[in-house]
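Just so it is clear, A, B, C and D label the chains in written order, and each chain counts residues from 1 on its own.
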Amino acid sequence: MNVLFTQNESELNETEIQSILEDMITTHKAKCCTGKVADYIPELGKANENQLGISICTVQGQLIEAGDVDSPITLQSISKVITLALALMDQGEQKVFEKIGMEPTGDPFNSIVKLETISPNKPLNPMINAGAIAVTSLIKGADVEEKLERILSFIRKLSGNSKITYNKKMARSEEETANLNRALAFFMKEHGVIEGEVDHILELYFKHCAIEGCCKDLARIGAVLANNGKDLQTGETIIPLHIARICKTFMVTCGMYNASGEFAIRVGIPAKSGVSGGILAALPFKLGLGVIGPALDERGNSIAGVALLEEMSQRWNFSIF
Amino acid sequence: MNVLFTQNESELNETEIQSILEDMITTHKAKCCTGKVADYIPELGKANENQLGISICTVQGQLIEAGDVDSPITLQSISKVITLALALMDQGEQKVFEKIGMEPTGDPFNSIVKLETISPNKPLNPMINAGAIAVTSLIKGADVEEKLERILSFIRKLSGNSKITYNKKMARSEEETANLNRALAFFMKEHGVIEGEVDHILELYFKHCAIEGCCKDLARIGAVLANNGKDLQTGETIIPLHIARICKTFMVTCGMYNASGEFAIRVGIPAKSGVSGGILAALPFKLGLGVIGPALDERGNSIAGVALLEEMSQRWNFSIF
Amino acid sequence: MNVLFTQNESELNETEIQSILEDMITTHKAKCCTGKVADYIPELGKANENQLGISICTVQGQLIEAGDVDSPITLQSISKVITLALALMDQGEQKVFEKIGMEPTGDPFNSIVKLETISPNKPLNPMINAGAIAVTSLIKGADVEEKLERILSFIRKLSGNSKITYNKKMARSEEETANLNRALAFFMKEHGVIEGEVDHILELYFKHCAIEGCCKDLARIGAVLANNGKDLQTGETIIPLHIARICKTFMVTCGMYNASGEFAIRVGIPAKSGVSGGILAALPFKLGLGVIGPALDERGNSIAGVALLEEMSQRWNFSIF
Amino acid sequence: MNVLFTQNESELNETEIQSILEDMITTHKAKCCTGKVADYIPELGKANENQLGISICTVQGQLIEAGDVDSPITLQSISKVITLALALMDQGEQKVFEKIGMEPTGDPFNSIVKLETISPNKPLNPMINAGAIAVTSLIKGADVEEKLERILSFIRKLSGNSKITYNKKMARSEEETANLNRALAFFMKEHGVIEGEVDHILELYFKHCAIEGCCKDLARIGAVLANNGKDLQTGETIIPLHIARICKTFMVTCGMYNASGEFAIRVGIPAKSGVSGGILAALPFKLGLGVIGPALDERGNSIAGVALLEEMSQRWNFSIF
């Protein structure tokens, strides 16, 4: 372990960190009952609302875990960061930002208002649903299957977990409850933000939202982003430096829904959450974090997960600011 | 100089840095002519549109300057960061964030729409006009004079420049063209966001927007923020750590008007701009930057100043992400 | 009485009408308790919530009254129709509609959103607060006093009641609770919709909103509008035909706040309501109506007054559609 | 001919009216060149931009025509009035207005903003696209074919023209360019405003927009509305009185897109326009009007058609206000 974890100016060893984490999990798990599992997609409603787990992965590849780290979740909005990286690698910055903006928004993640009122009518950023659907339309591949396979390969490489796949039942459940996303997609189709078949783009979108991972997978992906896109073992570039940086920037400015500003102030670590209760965080140059806690606060973030990250950040001085 | 400035993996000395900065100034000054000096406040329209200067101040207190660094500008929106720090010190986080939000917004800095449509009707963040007016209402003091004196003392301490004062002609010019700010203030008064006399709050607001400084002043204030709020010489705490951090966070999420997201991606340094063409930036733990270039791009930021900072960030790897 | 009032195809005489009206008052008065007196202006809160009265005035000048017709109310938004007529007579259609639009809006009467989002930034119509403030700024006169005197003379002429004046206590109460109207006015001042001193315009606005009248006055003004602007006795033109028509048109498209569409469907008589619980209605070519019932529904219209007018319209086939 | 058409207080005979109409057509036809044929649906772009024709049909069934009255157009938005009448007859007022509001809006006819920002999320009225799609979903019938057949029968009965049908090429062209309508429909599906298959509802919507008629057909439908829903010859009730009234009310408050308020002021006749350049108008108790002039003004109404109606209204005092 590197000197990241110091307390009262003395360095902590792995056992000490592990023990502190276990204590924190116990403390913050109590908050789960004040949150609520997302249930607008029926499959999501089946999550265990008392689960709370964390994995830390340093850029050197060391892993420390505590709590309920073994039950996987679907990535949901967390996949927005990963598909953004892939789309930027596939198409280049210029093409991507011609279609999708770079600015945060005070509007809800699934809002359609700004698509109509802002000129040109492009999504404000890739972390809201409209932007992520547009990003999805830019992934290369002959058909939905090939595109999905490319996203899966990319995630498997980032996480070092070759078994990662998507949850078919969840993807179907998303598809069945996705009228708002259809509205966003057809609106963007009208304005030339997306090209191609709306149905195919949404099929791919629902499937990559349904990709499953557990805390460890999230932490490892976060560590690769923290490591400027390089593989933790081999140093091979999985994501080019400037693209890894773009991802971390969006994670700060709009990664935590309408609590991104507050999270940046209270925690100060680039992070992306999903309604399944997962959070993927990347502390630049240092470590990746994967948190899973399905009970959500009213803004859609894991209620216990955010509290846990806030305590960690304050105790170990993790804020990048 | 510390090892911040390395090029081709070899450390640069002060003379080398100075010389590189001079070259950059020459390059980017050419962009001034594609921008436009703000003139909605008549006094602002008198600025020299070809001016471009930069000061760098390390947390150790070393200063390097290049270009037109001697003509002062009025702080305009840059004062929003400083009054936020003071209000947080005066009233505490809880009181301040009861009245003003923490979230970025895709709306213009002077927009009134969200004040009406968001519930509760509070300004989304302290970097937009509505939020900054609300912050101004929270500065302690018996009357406008005493409050202004407290802001001035605070800025003098931060910049180490005891001569800093405000430009009376500019303050008057702001007052005469401030109907939109009056609308924002009365709207907030209606909704209980601000208390006290609207006219007094706005008088103070116009005066602190008219405080004058030059590149060096901006750079030194930035360096104190970068130094976690501590005086560069004495180490005395001028701004508590957590408040300095809050300021830097808002500078990233909403410091550059509606180009904050793009600036975070392309430059990656916490920064606040003003329509006078100034930019105050703070690279955490490392240095402060003060840039002045009155010709603005269409989003209200110094056109040459942003280009200069982007080149510096890429050359010397300054991004915090 | 003319043949307006027929029931089962036989004409009603005045006594019969009177008796039917008394019955209706009894029926609908019971609804008062389900409404709520406006209290955002403290003086308004003192109104008698159980009051319900109606006056009918035919274009021949006959008057029938029933219920509580003697307690006056302040006109509030009803004065918007009268000042519109005067401003049109003072400045002509072209000048007035350069500053104020002609279109209904789905937004609340005191909303500021559209002022910002619509281009050009002019109020959508003269029946919302912003539009009425702009109309007020167009009334001719050397100063507030003279302008107010002109409005009062005009209303006295329309109502045939030389004693009409404004309620000073109410005007003061309006002024003290008028931050939203100030916000609207300064916003319009910024965009050139209004000229002159905002404070003077608002003083005049508050005073004409506080003009007092009772059912009879409202009915007589309505009858003049119904009579194409001509005095009921002398036939003298008080309001030119085309201006009387404009007033009646706005009363249909936007006279009843955000229930204008529904009122047009259910009642079908041009009408303007005020938060004091008054309604002034004008059935073209036939009669004027004045209703007072201070208990309001959730959209700001007299709850019993609307019900009464709906029954009258259906019974006597008053709809213009 | 009844006494509707008087000039200088003397009654005009049919030949005189005809001759005046011919002159007006000549005058206003010159305005066609300042307008523009709609071309967002490719088939619409093929219209003859110099066409201008008018039919007048009295409630007694007399018909006077002038100009280019023989080329049919597709109804486009004009079908919104007819399907509203049928849906009200099919489902009753309560059911229809549970799903669709009664209030005009200052927003564009194809706007989605209010669907998101207004609570409950229902379309403001049946004359905007969202509202008309919701109305379409309420037409009774086993399948699209049967529902369309019912709409066609209804129009044939209203117009007395048994040959009326829809233009298949136009319906297909609409379908191919209808992403915005799809967005609106899926948004409403999400919020429970519409039930059933979005694709089927839109198919029916596109087909009824593509129903073809010429001036005479429009005038006759208008005359039935003017005649309180009764057949001009037989007196049979085709549309119940209160439903005919509802239709005419919406025609006033929101029949002419975002120029409804201005049209009510300048013309004062209940009317509904379509982007094909048609206008169907109904002067209560008196006559129906059908105008076709495909060159549109910037708000989507027939530029020469509106001017023609304005002159007619002023000359013959047609305003209902």
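We take it that a contact is a pair of C-beta atoms (placed from the backbone, for glycine too) under 8 Å apart; a residue touches a chain by one contact, two chains touch by 3 or more.
Note that the coordinates shown come from a computational prediction; the quantities given were computed from them, not determined experimentally.
Counting steps between touching chains, the shortest path from chain A to chain C takes 2. The centroid of the Cα atoms in chain A and the matching centroid in chain B are 31 Å apart.
The mean-CA centres of chain B and chain D are about 56 angstrom from one another, to the nearest whole unit. In this assembly, the C-alpha centroid of chain A lies 50 Å from the C-alpha centroid of chain D. Multi-chain contact residues of chain D, defined as those touching 2 or more other chains: 117. Of all possible chain pairs, those that touch are A-B, A-D, B-C, C-D. Chain C makes touch with chain B in their complex at residues 111-113, 115-117, 179-180, 182-187, 189-190, 198. Taken in their complex, chain B has these residues touching chain A: 101-107, 114, 118, 124-125, 245-246, 248-250, 252-254, 258-262, 264-265, 268, 270, 284, 319-321.
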